[in-house]
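Chains here go by letter, A, B, C, D, E and F, matching the order in which they are written, and residues are numbered from 1 within each.
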Amino acid sequence: MAFQMIAAPHLRGPNTTSKYMFKVVYGLIPGIIAATYFFGWGVLTNIAIAVTAALFFEAIALKLRRHALQKYLCDGSAVVTATLLGMAIPQLSAWWVPVVGVFMAIVIAKHLYGGLGYNPFNPAAIGYVVLLISFPKEMSQWVSPDWLGPVSPDKLSFAQTLGVVFLDKIPDTTSLDLLTHASPLDYLKGQLKLGLDVSAIVKSDPEMWGTFSGKGWEWVNIALLFGGIYMIWKKVITWHIPVGMIGSIIALASIVYAISPETAVNPLIHITSGGIMLGAFFIATDPVTSCASTKGRLIFGIGAGSLTYIIRTWGGYPDGIAFAVLLMNLSAPYIDRFTVPTIYGAKTGAK
Amino acid sequence: MIKQMITASLLLTLYSVVGTGLVAYTSAATSEQIKANEKGVLVNSIGEVLPSDNYDNEITTDKITFADHAALGTANPVTIYRARKGDTPVAAVIITEAPEGYGGAIKLLIGINSDGTLAGVRTISHAETPGLGDKIDINKDDWVKDFDGKSLNDPKPEEWKVKKDGGVFDQFSGATITPRAVVKSIRTTLVYFKNNSDSIFSKPSDTVNTKS
Amino acid sequence: MLIPILTLGILAALFGLLLGYSAIKFKVDGDPRTDQVSDALPGSNCGQCGMAGCGAYAQAVVEEGAAINLCPPGGQPVMLEIAEIMEVEPTEMADPTGDDDANVVLVAEVDEKDCIGCNLCHKACPVDAIIGMAGQLHVVVKEDCISCKACLKPCPMECISMQPMISQNEPVWPLPRNHEGATV
Amino acid sequence: MTTQQLWKYHGGLKTIPHRKSLSNSASVRTAVVPRFIVIPLHQHIGKPAIPMVNVGDKVLKGQKIGRAVEFVSAPIHASTSGKVIAIGDRPVPASGGAMGECIVIETDGKDEWIELDPPVKDFHTLDQASIQEKIRLAGIVGLGGATFPSHVKIPGGGAKVDKLIINAAECEPYITCDDMLMRDRPHDVISGIQVMLHSLQAKECLIGLEDNKPEAAQALEKHIAKENISNIKVIMTPTVYPTGGEKQLIKILTGKEVPSGGLPLNIGYVVHNVGTAAAIHDAIILGKPIISRLVTVSGAGINEPCNIEVLLGTQIKEVVEQCGGYTDDFEYLIAGGPMMGGALMNDEVPLVKRINAILCGAKGEFAGPQDSMPCVRCGSCANVCPTKLLPQQLYWYARSGELDKCNDLNLFDCIECGCCSFVCPSKIPLVQCITFAKNSVRNEREEQRKATRSSARGERKQVRLAKEAAEKAAKKAAKQAAGSAAKAKPAAKASAQLEAMNQEMKDAMAKAREHLQEMCEIKCPPASAPNDITIEPTAAPVKEALAKAKELLK
Amino acid sequence: MSQYVIILVSTILVNNFVLVRFLGICPFMGVSTKVETATGMAFATTFVLTLSAILAYLMNQFLLIPLEIEYLRTIAFILVIAVVVGFTEMAIRKTSPVLYQLLGIFLPLITTNCAVLGVALLNVQEGNGFLASALYGFGASIGFSLALILFAAMRERITAADVPRPFKGPAIAFVTAGLMSLAFMGFSGLV
Amino acid sequence: MAKVSLSEISINGLWKNNPVLVQILGLCPALAVTASVVNALGLSMATTATLVLSNLIISLIRNFVKSEIRIPVYIIVIASVVTAIELSVKAYAYDLYLVLGIFLPLIVTNCVILGRAEAFASKNRPIAAVVDGLMCGLGFTIVLCALGALRELIGNGTLFDGMHLMFGEAARGLKIVVISDYKGFLLAILPPGAFIGLGLLLAGKNIIDHRSSAKS
């Protein structure tokens, strides 16, 4: 009588990779709802196009590499990548923008390295950065703040949004210049260059500035924060990276703000504008590309936060999240070498 | 031991003497051409804004240089080439920079006729974002040609702005900072020229360093 | 024309003296083959061999028996040259895309049916891993076989072959593979 | 129950299906004596025992049939009376279907005991050395799973033992044999502990058990109270896998950590399993060697899950039959717990001292082969690792064959508890990869030793050849000398030549020997120093030479 | 003062020699398979680059310019660098084995690194003074070291990845360097 | 060293031991000047010329150098050749000189050149050395041009733009607009595109090699 040969342990926990990935998508839902509410249907079209393209490219890559199609397509990682990229690009982007981004993310950043789990760089961040440096114009046309508000009939309808996205057909009543505008961070950066002080800038354009930060952006960030807390609760991520990242931004911003309140953006605006919550809870935490140990993750978070602050404040790009994450990605293997936890018995050990 | 050292030394000397000889010979043979080339570049770019039959002096040497120039709003060297026909000043070509570009200073060549109208503007170098701010480059866009013939009277000084700021000059869609910086710098230069046109043309030329 | 030639000539003379001096003063004695191998290498000092430059690689080849096919800039010609200097068999150039699967250790095994006890294999084995007297069955002590294959050729019955060594340790779990055949 | 401060160790699994009630509700059975008993000679850590009986010998229950050859080894006893019918390789319960040397006994059904030492009334009269010897002769090995010969854990030479810790955690799911043992035989457990306390000169004993065994704890407490013993404490710990690992138990009970690469003794503790304690009671007080053990037979694939006292050497198949046989949807068999036990290819293998449970999995009950995904570095494995290793990194380096890096990450501190594999969302067989790496490292070390040995052997061959050549030359010279002696004249010259030659040869030999000596001393670890390998191509039959070589090489 | 800070930030991050200016790529690719070697190389490069920046400055200022033979710059610089580095290597090798293991063995790797000559030539091109030249060399080498060491750690990780066969080896290393360079573009605009 | 046939030298230089794709040397120019075909062509032609000349000279003098000054001598030879070429380009193709910038003098440190000098020219007769130099140079040129074409095409949608820099005004017409109305994919022109492009070329070569070895 011969039985099966299997290595111990013979019990396995209930968690699976795809469950794990889809929890990230659930975590994103509050943010997606808030963004759609404030910025319109374009958010959803972006995500839909990105997800479709991601699955398509993923399938092709898997096919070329002769890997089991269904197993990997269902793992959910491509969906996460695409959703994040879809949320990170301007809302009324033409259809090819997310497609190019997703191509870079899935094919170049992920499958050239062997697909799920092997990529050293965050695919979504790569996709975003490639788009940003290749198509800066398209990437700075954010839906205008004066257009903000609930999705209502006199704004762009779903059909009209599709027209803009797929056919480049802008309704006669408006124009792309009217619809879009620099993002609040971008605007702030531009105005600061002119030597204005922050409070004046914020007051000057009530259309753009909301309760305590960029109109709409603040609430999207808060919704994402809740999604992030859900993920921590569900143990999808640990607190180290988000806390390290947001904490270091607050710390740096507070110091600079304390030194010169006129020219420095206050910490509250910093952490509620741009992609900060998306970055801190969903992008920097990508387990594949961040550090392995908890100490490493804390360092990773602090590094990402500091770099974000530096790039935002002194660099050429209005929001440095994606760059900061990539820069930390490329440091992660090195950080891992120094942050091996002390094992049981090492302190007392003779080794 | 000494012998070994000396042979090594002699051999090396031999080869380097031969090598250097070769290079020195090439240098001698090409130096004229190279000098002409180097001058040619300057002449060409000046020629872009100022046709060479408009003047008859040796414009490349008729120049004044400032280490920095507060009136032009830059901390870097500024050079002014002067074009004259006979003794009458025809135009000045000012190499200056717009410090407030998106990616740092934008180096500009601004030709101003003696009557205060713009003979032409060219971007010499810049670090603006490709695809967004780089339309100031004549190879990418004709935008800089808009300035031809403009002066402080046309448009009026308060209209020397991009449209978004209430002026007359186009901005690029999605990029206002770059054109804003360029327009501002040109305007400053025109103002400077208007206020100092006499001294600009009367100052003696720098002694030009003619190195081989 | 004289100035440049003179300047560099003097400079070169000085450097020549310096180098000639240091070549004597700082001479490091070593295996002469190191110098030979070093001369054969491209001198690009690019580090692709995994060593700190050509000199280090030459030293590694001569003193530590490093593989002779590690220098991509030199390519096959240089590999052949090293093989000549080191008097070893030439190999293929390493394929950078190659799979480096853990290779199984092969050891010699005498087929008991055919062994006629000629004792030739015993004589060939450099480490006395084959035991047996003339006229009797010969056996390979697997633990001592160094896989050199020196015993294969002399055997008139061709009854010695290389077989995978079964580890003496407890049953080894292989590195698991997923169904695509890649190690998971 | 004594309330005492407890500590925590990193990681562990809190939510894991325990399924203990499956087997701990039925009462303990005793297996019948089977027709054949197969007793492996290697049931412990250390050298296998050497058979002391021959085929055809009659043996009695409890008779020593295998002799321990070293200190770290254990003798083997016949578990019932009968006739030895074979000695040779038989399948033994190890993963991979390995074979091992066994003694096969055809039982006579009489179950007749050999004459035992008289029971000891007061163990206080025995000194440490004699207790140790008695334990050794009784063949007692750790019954918690590691089967380390128990007598070795009684340190001689004045090493101070602070506390004796009794491991009754039984943290593995399904297994309840220690639980039942404590419920049924509290007296024997406590008595065994007292013997150990005496022999170790330890002040105190802590019995650590998980709080899912209140009955067992009560039984022990009651007995302790009855006997009015003050230095044995029963401590309940939270139910977290793998609290039963000795390092984890020590940490939980005392807050101290066993040094990496060290032993509990380094910090003054000795850990024994409760089953071991009961076995020591049997050995010292009753004089009985270990011939049977309590085994949990459980799982959804067995008809009557229970605990059963089985004679060592009984085929697992027969144990299963006595528990009602497999169910229809039975799928696979595990020797040991579901977390650390090995799957068995075959149920026709004997029960050995190590096996504390036989689990029969029904379809879908156990994980079965896993289709793993790539590691997503989620870190769950590191979060649960009780040793605070980074299983994920170990796995990556094992994959890419970077064993040095594995070692840097403390590969050998892994206790193979399986927590990491359990939680991995990608279902990666981490433990398997880690054992692979461990084996590879061991093989590599072996390889190195071998290389050193090879070069030594190579040198020796050269020496031998030189010697042979010299001898030949000498012979020739002698012949010549003899020839020339006939000619009478140059005889002196010839003999001088011969002399010189001999001298030269001697020098060469001495030099070579020196060299060899040096090499062996420097490079070879003394355990396998090749200077005592003597494989000369003598006239002895090859088989014998080979056997000798093998033995020497071990 | 701020000029020097700018030189450092610029050479290390914004115009990273390897990732943005494309100098010294060969050793960047060749010596990055192990972090340990990469680290040794990093130290050695820092030493040589700084030294050669200084030497080249002196050479240019006190020999080539006065004699008006600037066109011999390339020959003169490379000769000086090669000889001084070669001499240093031999000297260290004989005098301090420890230092040689740490640093010396990497020295020959560097003379053919075009960053060395690149630094010297760029310094002349930008008209840097003595201190600025030295800092420029130092910053460039720190930038090189940073990229090299991080890249090496990254490559070690990639060796374990399931990279498609045609991309195994240098190909994926180039892609990785590309993505690193992409990340470094985030620093643009800092100075 | 065993005599190698000229055709073998050629195959080695062009493909089997291609300087960039196999030797992984000479990377800086390969990455820095390949934003367009014309730049790539310009620099690789200068490099080829250097390779041929330096190989020739070194092969000629190979018996007259002492080992301790071997490297400095080779460097002097190479540097002299490069400087002469640099001066010539400066004199006769000034626009190209401006584009290639510092990479022209940096040919000196292009490791391929010293590598060929040491590994080949110093041990072979002049003819073989010249062929080796030429073939390595061509191998270098092919890769640079391929990379230039790839980047120019993806980045700008054109090919052979700016040929007048090398061949005079008449060559302006060589420009091919492959994709009209192309948005431009800047990534390809920027530094990251250079690295990634070279990676793709290398993978392409690997695929071809595997195919052909699978066939045979």
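By our rule, a residue touches a chain if its C-beta (ideal position, glycine included) is under 8 Å from a C-beta of that chain, and two chains touch if they have at least 3 such contacts.
Every value quoted in this text rests on a predicted model; they were computed, and no experiment measured them.
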{"item": "Fewest hops from chain B to chain F - one hop per pair of touching chains", "value": "1"}
{"item": "Chain of greatest Cα-centre distance to chain E", "value": "D"}
{"item": "Chain nearest the overall C-alpha centroid of the shown protein atoms", "value": "E"}
{"item": "E-F or C-F - the one linked by more C-beta pairs in contact", "value": "E-F"}
{"item": "Averaged-CA centre spacing for the pair chain E and chain B, given as whole angstrom", "value": "32"}
{"item": "Chain centre separation (chain A, chain B; CA means) in Å", "value": "43"}
{"item": "CA centroid of chain C to CA centroid of chain D, Å", "value": "39"}
{"item": "Between chain E and chain A, distance of the C-alpha-averaged centres to the nearest whole Å", "value": "34"}
{"item": "Chain C residues counted as touching two or more neighbouring chains", "value": "4, 7-8, 11-12, 15-16, 19-20, 22-23, 44-46, 48, 97, 173, 176, 179"}
{"item": "Residues of chain E touching at least two other chains", "value": "26, 29-30, 68-69, 71-72, 75, 79, 83, 86, 111-112, 157, 162, 165-172, 175, 179, 182, 185, 188-189"}
{"item": "Of all residues in chain D, the ones touching two or more other chains", "value": "95-96, 371, 374, 399, 429, 432, 435"}
{"item": "Parts of chain B lying in touch with chain E, wherever the complex brings them together", "value": "16, 19-20, 23-24, 27, 102-104, 211-212"}
{"item": "Touching residues (chain side chain F, partner chain E) in the complex", "value": "24-29, 31-32, 71-72, 75-76, 79-80, 82-83, 86-87, 102, 105-106, 108-111, 114, 187, 190-200, 202-204, 206-207, 210"}
{"item": "Residues on chain B engaged by chain F in the complex (per definition of touch)", "value": "7-8, 11-12, 15-16, 18-20, 22-23, 26-27, 30, 33-34, 37-38, 40-41, 130-131"}
{"item": "Complex contact set, residues of chain C against chain F", "value": "12, 15-16, 19-20, 22-23, 39-46, 48, 72-78, 80-81, 97"}
{"item": "Complex interface listing, chain C residues touching chain D", "value": "100, 102, 105, 122, 125-129, 131-133, 136-139, 141, 143-144, 146, 167-176, 178-179, 183-184"}
